[in-house]
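To keep things clear, I will list the structure first and then write my remarks on it.
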Amino acid sequence: MRSKLLIAMMLGAVCWAASAADTVKIGCVAPLTGPQAHLGKDIENGARLAVDTINATGPTMGGKPIQFELQVEDDQADPKTATVVAQKLVDEGAKGVVGHLNSGASIPASRIYSDNGVPQVSPASTAVAYTHQGFKTTFRLMANDSQQGKALGQYATKLGKRVAVVDDRTAYGQGLIDEVIKAVKAAGGEVVGREYTTDKSTDFTAILTSLKAKRPDVVVFGGMDPQAAPMVRQMRTLGMKTHYLGGDGMQSAEFIKLAGSAAEGAIGSSPGLPLEQMPGGADFTKRFGERFGKVQIYAPFSHDAAVVLLQAMLRAGSAEPNQYLPELANTRLEGVIGPIAFDDKGDLRDGPVTLYQVKAGKWQAVATIGGPRAK
Amino acid sequence: MISLLPQRLYSDPRIARVAFAALALLLLILPFLVEAGMGRTWVRILDFAMLYVMLALGLNIVVGYAGLLDLGYVAFYAVGAYFYAILASPQFGIHLPFWALLPMGAGIACLFGVLLGAPTLRLRGDYLAIVTLGFGEIIRIFLNNLNAPVNITNGPQGINMIDPVMLGGQSLTRPIDFFGAQISGAHAHYYLFLVMTLLVIFIAYRLQDSRIGRAWAAMREDEVAAEAMGIHIRNVKLLAFAMGATFGGLGGGLFAAFQGFVSPESFTLMESIMILCMVVLGGMGHIPGVILGAVLLTVLPELLRYIGPLQQELIGRVAVDPSDLRMLLFGIALVLVMVFRPQGLWPSKVRARELRTDNPDEVRQEQEALYDAER
Amino acid sequence: MDVLLQQILNGLILGSLYALVALGYTMVYGILELINFAHGEIVMLGALVSVTVLAALAAAGVPVALALPLALAAAMAVCVVAGVLVERVAYRPLRNAPRLAPLITAIGVSIVLQNLAMIVWGRQYLAFPPVLDIQIYELYGATVTNVQVLIVAVAGVTMGGLLLLVKRTRLGRAMRATAQNREVAGLMGVDVNRVIAATFAVGSALAAVAGLLIAAYYGIAHYNMGFMLGLKAFSAAVLGGIGNIPGALLGGLLLGVIESLGAGYIGDLTGGFLGSHYQDIFAFFILILVLIFRPSGLLGERVADRA
């Protein structure tokens, strides 16, 4: 009887010693419910793959073994909810955060993370304002709207000097188009007309007719695919034979589905490289596919975001934000998405933007602007 | 049956005093109880609940006391919030102090209340509802687009980095040292909101029992008779809008300081409808009922969020997305309440008599016209 | 000049769509003095059902000439059932209630329908199957498609049909009687409940037609499309005179043209100060102006104030 107790105690002690590996918690926030739930899940899966991969290598910090833990939260793509879950993560001891998806969520949440010194790496937020608030804790792994707008504007001017623009009066659309206009002017083009719509409209005949009268060569739209699709259809029925360009909100399979035959020839931009062209793309697709299935869009970015955070902690030998933040800012890493380095604002240096065109009913990459592998 | 509290509570002064003291104590320590029981995120939710109590009490004046269905109430909330945001942020570089801005914001909202109420004086019922809805939308669209030619509201990007509330040089968003203990931002804001809410409740009660309150009740029950009795309908209606708007503006200013970020997305029609739901479901015209409605409708959606993980545990997958359910349940609740208990969950005796449709004493009201043809 | 013509044409098409939806509002208001907020959602239901059925039939290889009427019939069936159900469950119990109650209930019904549609069909946009052969015609420098011509024609024919129904049939007579005085009509042998249900049925069938046409014209259907559309159609009905059938058509066309011309020219008119992003406000402004200066609408009768 006594020996059994002794064995139990010894086993207990061994178990306790084995689980004595400290855990370091990082947070992952994305919309896990709602219309973008599939993208949010993609972000979670990418981060999880990274955390599990690093955990499997038996990382140590300050001589002691540690395990990283991922705490996943749902921000429903809503600014208010984003601040609530940001506070929650901070209160529950997250040492770094991968997230959020929408700029409208990342920006208010970033204030809470900054007030508490917790670094935040966004795999998907593209609004320029996110890294321009003067916070030291905001980073992102994707070309921002400024870089994307510049690429779009340059490419548009190559196709024709007379450029008309439409934006949907959301933070994303308007930000993108403002940059496009700057780039067009810098490239020697002329903005012949600017019209506006909303992110709920379906009838664009009035503004398109007005633009048609100004005889543009190219029309650039800043907004999402549910507007872009009817817009291009109405353009064709109005007899406008202009080129049609849009940002990453338009560059999706939904656009082709909704626009039908009118989609042919439309050009959309997307920050980052296409998965096949990413340096770590093939390997990532295989590893990700074994566990989670098909990559949606953001998994490689959230994977690298987690890697960047964890590697910074390991290099600094500490999970405390004020210790590893300088390491984070000095990251030089070859990630799945390509070379990663941050500028002084936390933006990705040399973030590439890829342009795709609809050919025979499918998006095909036609050009890459920026990035070390520019074509 | 109608009143949930025993009569003794009202009539015996000793019991009333004890009850008051208990309530005061509960309110003082509530945030600590909540944090201990449910975590700090819930303290933040409690703060929002109080904000909505203020807003609901404001709308209660318009809908509950005066009987004017206002579907654009969120416009005043937006005006108050943006007023504070514009004058206390990097937007123009102006940083006026909180204690000056808050009353000014409420005052500006009051002005808007009169402005938006003036064209609606001849309208009743459905027409009034639609026109106020239109005003709400107009304000939102203007806020979304007033960033060119002069950038007043920063358009869809919203205004960020709003100054937090400063109490004697101490910002309320950072943890405060209080006799050695640390009070977090959420707690500090709770006490601020508590004081404001109590003020609003006090004013609401005084209004209800004043000449104006009786004038509103008379107008609500029979406008023609009230006018015949010498009540100046035009002024009384404008006063209702003005008072309601003032509370809305107050709430807006507090919201801007609390969240630090305002954008037109927070001031949609759905918000107006939500606040209306709080008033209607709680008990139109009855202050405790409205408070109950506001607290319930702020807390319940947060509780709904647990259904996602709960389903995950019980059946292994999320069958019904909780964010999908939220609005559906609201709509159903609204219909059910209006059909079966239009007086709300906690009505006053007077309103219950007015609104119950199975009342044998009631004379069927003449179908009123949607507008006043004679003026 | 051709730009102006094109904008006017655009406006007429848009206006015809508004008119079709406004007819439903006006019918229900005429008989119940109730603004059925949920009407826009019934249109949305019609659009979603017709798109889904049409896509299924087209995928099964059914020829367009047969698939289209079948989809329309399915949409009408669903809409009529929904409309009558809504009336029975949400509006009938409140017929004698104070004004505020049916109004708030209508908002609730609108929310319920929207969210049910979201749960059933999901949040993504549905594409109208590419089964229609779009022909583009040139008209003095402006372009018109065959679908657009169809829309205007349908709006006109529908209005005519409704007028016929209301003025020449027994049901129409019963409807007019109920609208004038519900109790006396009941005394005269009119089954008031059935007449009201029939009114909702006709209105909902119209909504289904409108939904199909909108989905065909814009190529997409979505659970959120009914709301703004409903508000604008309601403004159109008020503009023309609520309760008045030709008024709904007139109001719709006028609103469509004003919106089109406004969105097209406002930038030039105000020197860039206001732009086409204020497009949605036109409907509201018109509504407010009409309600301040001529609340009975363009073709409506003045209602005397009861002393």
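Some notes on this structure:
Should a chain be cited, it is by its letter among A, B and C, assigned in written order, with residues numbered from 1 in that chain.
Criterion: a contact is a pair of C-beta atoms (placed from the backbone, for glycine too) under 8 Å apart; a residue touches a chain by one contact, two chains touch by 3 or more.
The structure displayed is predicted, hence computed values, not measured ones.
Considering every other chain in turn, the ones in contact with both subunit A and subunit C prove to be B.
Chain closest to the overall centre, judged by the mean of its C-alpha atoms against the mean of all protein C-alpha atoms: B. More C-beta pairs in contact connect the chains of B-C than those of the other pair, out of A-B and B-C. As a whole-number value, the distance joining the C-alpha centres of subunit A and subunit C reads 40 Å. Rounded to whole angstrom units, the spacing between the C-alpha centres of subunit A and subunit B is 36. The centroid of the Cα atoms in subunit B and the matching centroid in subunit C are 33 Å apart.
Across the assembly, subunit B contributes 144-145, 324 as residues in contact with two or more other chains.
Those residues of subunit C in touch with two or more other chains are numbered 275, 277, 280.
Residues of subunit A in contact with at least two other chains: 34, 169, 196.
Those residues of subunit B whose C-beta lies close enough to touch subunit A in the complex are 39-41, 44-45, 48, 144-145, 147, 155-158, 160-161, 173-174, 186, 259-261, 263, 265-266, 305, 308, 318, 321-324.
For subunit C in complex with subunit B, the touching residues are 33-35, 89-90, 93-94, 96-105, 107-116, 118-119, 231, 234-235, 238, 272-273, 275, 277-278, 280-281, 283-285, 287-288, 291-292, 295-296, 302-307. Interface residues of subunit A, counted against subunit B in their complex, comprise 32-34, 37, 74, 76, 79-80, 83-85, 87-88, 91, 104, 107-108, 111, 115, 127, 129, 133, 169-171, 173-175, 196. Per the touch definition, subunit C reaches subunit A in the complex via residues 3, 6-7, 10-11, 13-14, 123-125, 127, 130, 134, 136, 143, 145, 218-220, 222, 224-225, 228, 259-265, 267, 275-277, 279-280. By the touch rule above, subunit A contacts subunit C in their complex via residues 34-35, 169, 194-198, 200-203, 205-207, 209-210, 212-213, 225-226, 229-230, 233, 237-239, 254, 257-261.
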